[in-house]
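Some structures are shown below for you to check.
In the two assemblies presented below, chain A is common to both, partnered first by chain B and then by chain C.
Now for the complex of A and B:
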């Protein structure tokens, strides 16, 4: 799928390579929590494990964030907001699927309300397996992501552009409509 | 903590319930919890009566699907902040054409419980004009999902594609445990 067409998404210019070196050392993580995995983030961010020594910190708005963590099960209702948020984030953006629920549905594999596979709807650069992954696993994932960015392997945002129609079609298949209707805001 | 006067008040309420309302049965679940089963036409007078007697907090209004009996059980849980006693008031409505009456005029918050019950079980509440508005699920187009005859696995398979695996890990785990005979490849 990633090699469709003639565009090679892992090709980078010299400037992009330099930029990626710098990007990997200063990343902001969108403060958005979708499932139970969010409980692992406060210990990761606070003094015991101290996420900031990797240059990663929480950010309140998608407009200024680089990493999007999908922390746990994702209901279709949240998926609409996730797609909306993901598309709002500026390039480059990286998605980490957190916990078994994002990989194959986890214990919610038979739920009418949650999706079973995150990379069917938005591109995922990295998955963390486990239910729940401990902060150690989160750090393992973040260091791995930093390496991937330096090597130019974390190119989910390019894949999303390239296969936009495929992703949109999948989103519509499961959601019916991606636009959010909300009686409290309309 | 509970004073003896409160206990006397409780017994008075229980005996006057039996005297005032025909067909109402009471059952002691716990010293602080009583279940009251009422015929549908007596439910709202019973709730009004209990609210006057201090059971002013509607903790929840929910529903149980008794598919074999072809009944929906509507459950109103009332709490008394003065004595800490809970009354579980329940009634049965027909499963084929589930219609009941709103308690919005007694507790305005019931509007949302009633919308919730309508969305997940399909019970209509007469007098609540917003009853059929969607509350939690978005763009739902199937059976109400908490009915016993709704199959969530089938719905999940139809709408949310699964990840495809090269090998059947659960089958292999069964072979390793000795439940089934077979060979593990690779």
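Now for the complex of A and C:
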């Protein structure tokens, strides 16, 4: 979808439109549970709210995931893992930022160890405001994301490819290097 | 020409009803957990969606393993009789099916180890260990059954049952052992250790992305279809096409209900269990068959 003037032009082929319909009805999520937001996900998935109604379910590995949930603040150390994980996910992939911490740093805005705006480092399709968002807000976000996928507006993964240099530059500016030095990554 | 039509019939049945019954199984699990659950066609959407994504390969061993797994299982499936609907009449021998079935399992093991991920290796090792556990009592029971009927042709056993009554009533202990082993073959709780999403990140599937995941989901559906079909044919009397599907659905929902309420055995607990209770019951069944009771 590109925006020329006020007229939106849908550039997808028929197959991509069908594929987007399928993708919107079957979203497997990978939740990156570093922040407090993770605690809102179990009630969303279990009996009370039941995310599986919409075909949304948890997946264990980034290779199979479609949505990437960043649930709360990100320290510089975890941001490296987030970038690794994001780049391991197969296209098309969607990112949801949970809560104020991913938007502007939230209550950790002046911390030396956390990043303030997730959008500088990986493309975010949708933010959920709140500290923390309730399951109702999460459902609002998921239905909105499904609608965006169907209309072809959730194209963060394309933005990441087109502006890769810019994202890499931001990552290097904040992290020094993106490579992780520990026993799992070398 | 007629053979090709029958093979297509078996494969389409496994594809359509396999995925539909999996969807119904998810619905049943959801209702047990007091949830509404996904629609019955959710698994079709899942498989087709994975085929639209852009994934990675992990080398030619991986590619070859995935194709070999799916191809091997499809080859097995064509020999499985669906009640009285048989693609290759006269060739639906139990040993042919068991022999071909290992091609799929070995293809999966080879491809998944080819990814180089240690979790995949752990998952494959667990799957093979579990196989050691359930195959011993299962084969003992089935062999006693084949000994009793003096044939290893599954269609013949189905026909005998239409006269003599279902084997589940004649060999209740054997049927129980076969069902416990079936639960392990399907990889349902309490024998879910090879997959274990929360523990080893879904084990063998850990590095599968996009199309590979879709193909392996289809392979899993076909494998379940083969396993449950053999149980239905050998113990529940097969029947015509629709009776067969009804019996299949009953067994499947029963397995799902058991798996929905049980936790997971550790792998050595599972093998220990298989080599004590079901193995003992299997020997009792053999004794009863040999004694002519």
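What we mean here is this: the second predicted complex is superposed on the first by the 171 of 186 C-alpha atoms of A that agree within 3 Å, B and C clash if a C-alpha of one lies under 4 Å from a C-alpha of the other, contacts with A are read in each partner's own complex, and residues count from 1 in each chain.
Heads up, the rule we're going with is that a residue touches a chain if its C-beta (ideal position, glycine included) is under 8 Å from a C-beta of that chain, and two chains touch if they have at least 3 such contacts.
Keep in mind that what you see is a predicted model, and the values were worked out from it rather than measured.
> Which partner does A:111 contact after superposing on A: first (chain B), second (chain C), both, neither?
The first partner, chain B, only.
> Please indicate which partner A:172 is in contact with in the superposed arrangement: first for chain B, second for chain C, both, or neither.
neither
> On the A-aligned overlay, A:26 touches which partner chain: chain B = first, chain C = second, or both, or neither?
A:26 contacts chain C only, not chain B.
> First (chain B), second (chain C), both or neither: which does A:120 touch?
first
> In the superposed arrangement, does A:52 touch chain B (first), chain C (second), both or neither?
It touches chain C, and chain B stays clear.
> So, does A:103 touch the first partner chain B, the second partner chain C, both, or neither?
The answer is first: A:103 touches chain B but not chain C.
> Name the residues of chain A shared by its contacts with chain B and its contacts with chain C.
Touching chain B and chain C on chain A: no residues.
> Report the residues of chain B in contact with chain A in the complex, numbered from low to high.
Those in contact with chain A are residues 133, 136-139, 141-142, 145, 150, 152-153, 155-156, 159-163.
> Within their complex, state which residues of chain A touch chain B.
76-77, 80, 103-105, 109-117, 120, 170, 173-177, 181, 183
> Over in the complex, which chain C residues touch chain A? Could you list them?
Answer in residue numbers: 26, 30, 33-39, 42, 45-46, 48-50, 52-56, 197-198, 201-202, 205-210, 213.
> Which chain A residues qualify as touching chain C in the complex?
Its residues touching chain C are 19, 22-23, 25-26, 46-47, 50, 52-55, 58-61, 63-64, 66, 90-92.
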